[in-house]
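The following pair of complexes shares a single chain, chain A, combined with chain B in the former and chain C in the latter.
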Partner chain A sequence: MFSICADPATIEGLPWLLCYLTTGKHILFYTSFGVVLLLMLITAPAALAFGFGGAMAARSHFLPLSLIGKAYTAMVRGVPDIIFFLFVPIALDQGFEYLRHKVKCPDWDQPIWQGNDFVVCAEAKLPLSSSPQWIHESYGFTLAVLAFAVVFGAFAANVIYGAMQAVPRAQMETAEAYGMSHRQSFWRILVPQMWVYALPGLSNLWMILIKATPLLFLLGVRDIVYWARELGGSKTSHFDYPHPDWRVWYFVGLLVFYLLMTKLSEMVLGRLTARLSHGQATFAGEMQRKAAR
Partner chain B sequence: MSCAQTIADYGLRSIGIGERLLPKGDMTLCEHATLIGSGLIWNLYYGALALFFGFFLANAIAVAKASPNPWAKKPAEWFVFIFRGSPLFIQFFLAYETFVLLPRAGIDIPLGFMTITVATSWLSKAWAGALIVLFLNTAAYSGEIFYGALRSVPKGDIEAADAYGMSGWSRFRRVIWPTMMRLAWPAYTNEAIFLFHATTLVYFSGFPAFQQKGDALYYATYFASKTFNPFVAYPVIAAYFILLTLAIIGLFGAVNRHLNRHLPKERRSRIRLRPQIIR
Partner chain C sequence: MKKLILTAAALALTAGLASAQTVRLGTEGAYPPYNFINDAGEVDGFERELGDELCTRAGLTCEWVTNDWDSIIPNLVSGNYDTIIAGMSITDERDEVIDFTQDYIPPAASAYMALSADADVKGGVISAQTATIQAGYVAESGATLLEYPTPDETIAAVRNGEADAVFADKDYLAPILAESNGEFVWAGEEIKLGGGVGMGLRESDTELRDKFDAAITAMKEDGTLNAMIKKWFGEEAVVY
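Showing the complex of A and B:
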């Protein structure tokens, strides 16, 4: 990157470190922090949408729908989330390929499950074996995002369902007394008021989401854990920048990154809570009212 | 091969008793259930021991965090922040890399009249290293739960203890601590459940499985990668964990009833499962 870095063997000390930290692979390492942030920013709204749908389904008066919603909210309670992170991407991948296989190769006569293999025709492969590397990588990332959205959607559905129940019954009764329909009272009365009840649970969920991002590594995405292991491992003199096993230092760096993220989120969410409690008939709102007087 | 034969061969495979090679050819439901169930031994081992030792440290942390003395308060706060603020996954990696860096031959501690050599190689093995991480991690999470409960002990209880002339240790032991346990228990049950769930991370972080002796999830992914069929192995392990969760709820519910036995029925705290703690 810099001109002095042309021959790394001749430099040492601070310039060596500077050159070492700006190699191409290190730039990839720094961009992978962006991948993690991108995952969080995509997953959070997606999970919220899944959760809202799950909570609405669980509240539905139509029995099969409410059973599906309840099963979805209950699935994360008894089973470790990591099992879902391993299961959902493979299941989705096979599901997509199976559907494409049915559509694109209708006259395929061999079974799809051949002993210990999952075989679909070449045109149904996702992504196509002829497609460039970046499509493979973004397909893997998309599957990871979907897995995160499904699992965190189930967590969010729990929170939102509880928040919907927590809105005072009198509010809904007033809406009915005004002659609002079921749909109207849901969208105009229940949904605007539930956020303050959902916020503690949702901010908890955001913290959990931050801490779940290293699991991307297990899904085969080249995330910060992957690069920390890759770059930190001891390098022999065949490499431009030989060094002993430095993985500890890379992981200390990751630890600090996550601690900072946690601290920052705590501060932002604390402000948001204070803002949303303003004028609400809750304990926090009452405290604000008294303090202002 | 009959299922009884499979159970005899693989029932204790995860702790090194029985067949050496993992099944290669036919992988029926029986192989799945046996081997994954065998791996569950490790999940129970990590969860139970970490929870047991963590309980004592958590109490100490809660008391230290509530103490007015900054020399006790600050370290406790930092301990809780570091272990709750970072992913368990990273903690496992960091611990493993640290333990690996320790000199293989052991550390010499000179005591003047003699020298003690402390062996260190066992620390980089999963059974010890991962257990230490889980122990510290659960101590931080439960310490925070106990701290919250300690702060919500009713003022009247403490005043009553003062009126009886209790102070210091006897007041803590007889009045504050039982109430703290009672208030914390529903949340602590949750923590126990999610600690057992977190034990599945052990063999996916830095710690390697020695001679393919892994936990339940280790074998489940083995099957899933060999058969390329996730629809058998993962439901099997999910079923095992639902059973484990129900067992924990039963066990902790019994303790909860014991802690609440003096209260009228409507004031008893009930255990509600809140899926809010993963690491």
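Showing the complex of A and C:
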């Protein structure tokens, strides 16, 4: 990066450290913070959508739909995360490739399962093996988002389901008395009021999501914990910048990052709670009303 | 903006041109000098040089991919990359699941490395990387096996006293021992394990295996492979 860094063996002290911290590998480490943040920002709304869908299905009066909703939350919540993350992306990937194979190579005569091997024609590969590496990485990232959304969606579904039940019955009765249809009272009365009940549970999930990102490496996405471990490990003179085991410093760095994330989240969630409590028939809403008077 | 459009167009063009089959080489990237991620963030090491040379000789376009050691075989058979070139020893158990080319590193010694030469390698606590032939050997040797997902952690375990010794390929341990300023020494005796290091492929991929096999044979015959082994593993390394 800098001209003085051309021959790392000859420099020492502060310039050495500066050069060390700007190697290509460190740049990858810094960008992986962006990857993790991006993952959280995409996963959170996606998981919320899965959760909302799951909760709506579970509340449905149509029996099969409500069974699907309940089965989804029960199954995903019951299976250990690590198994889920190993299984779902590979299964999704093979599922997609299987479908593409059926469409794109109808006259393929070999079996798809050959012993342990999963073999589809080259055109059905997802992504194509000739695609550049960044496409492979984005695809892996997408699978990761999907897996995270499915898992956290199940937990969110349970939280939202509970929150919907917690809205005072009197509110719904009033809506019915005004002549609102079932659909109208759901969207206009129930949904706006349930958020304040769902927020504590959802904020827990958000905090867990922040800390769950190291699972990304199971899915082939190189996240901050992977890089911290890789960079911190002791390096022999095969490397340009040999050093002893420095993992503790890298992990201290991660600790600071995670604490900052937690602090920031708490501030945002605190504001959100205050805002959602406004005008609600809850203790917090009542306190706000009295304070404003 | 113009530059951006140009790059995008160039990308689209090259994507179209690269219709020739790309072979994706899977490696661990944490096992110097076999394979590691260098300071520029790229795969480097003996296997990087070897793999590139083999691909040139076989006329293939190759791309490097890194994968966790634990899931390196499942991801091969499900087709996420086409070969494993990660210092993987040829064993009967692995051969049941995947196929190997002929060995490109002859069967080499595994060794115990400890803080003192009289460490108890037969009854003490020995660290080894998960799912390696060394871990399998320790489990049967009567010692207590302490497994870690990456090779680097097995060394750290000895340094901080969690394990009495680490058991791994001697070629991996040698540079670490040499640069430890006398902190580490060899313990016990060296043991020959496995049938050499080969490239792993899917069992259904016989065509690709034959291509790599032919390239390895050619490299063995003209002596380039021996030169490469000596360059990365030192003059005393076992050669063909």
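In this section, the second predicted complex is superposed on the first by the 286 of 293 C-alpha atoms of A that agree within 3 Å, B and C clash if a C-alpha of one lies under 4 Å from a C-alpha of the other, contacts with A are read in each partner's own complex, and residues count from 1 in each chain.
Going forward, contacts are C-beta pairs under 8 Å (C-beta built on N, C-alpha and C of every residue); 3 or more make two chains touch, one makes a residue touch a chain.
Quick caveat: nothing in here was measured; it's all calculated off a predicted structure.
On the superposed chain A, the two partners chain B and chain C do not both fit; they clash. Contacts of A:W187 after superposition: neither chain B nor chain C is touched. Of the two partner chains, chain C is the only one touched by A:G220; chain B is not. When the two structures are aligned on the shared chain, A:Q133 is found in touch with chain C, with no touch to chain B. By the touch criterion defined above, A:Y30 reaches neither chain B nor chain C. When the shared chain is aligned, chain B comes close enough to touch A:N158, but chain C does not.
In the superposition on chain A, A:F118 makes contact with both chain B and chain C. In the superposition on chain A, A:Y178 makes contact with neither chain B nor chain C.
With both structures placed on the common chain, the touch criterion links A:F62 to neither chain B nor chain C.
In the superposition on chain A, A:Q94 contacts both chain B and chain C. Overlap of the chain B and chain C interfaces on chain A comprises residues 86, 90, 94, 116-118, 217-218, 229, 245, 247. Of all residues in chain A, those touching chain B in their complex are 76-83, 86-87, 90-91, 94, 113, 116-118, 155, 158, 201, 204-205, 208, 210-215, 217-218, 225, 228-229, 232, 245, 247-248, 251-252, 254-255, 258-259, 262-263. Interface of chain C with chain A (complex): residues 11, 15, 18-24, 29-30, 32-33, 36-42, 44-45, 61, 63, 65-68, 71, 74-75, 77-80, 82, 97-98, 150, 152-153, 155-156, 159, 175-176, 179, 202-205. On the side of chain A, the complex with chain C involves touching residues 8, 23-25, 27-28, 86, 90, 93-94, 97, 114-120, 122, 125, 129-133, 136, 217-218, 220, 222, 229-230, 233-234, 236-242, 245, 247. Taken together, the chain B residues at the contact with chain A in this complex read 27, 81-82, 84-91, 93-94, 97-98, 100-101, 197-198, 200-201, 204, 217, 220-221, 224, 226-231, 234, 237-238, 241-242, 245-246, 273-279.
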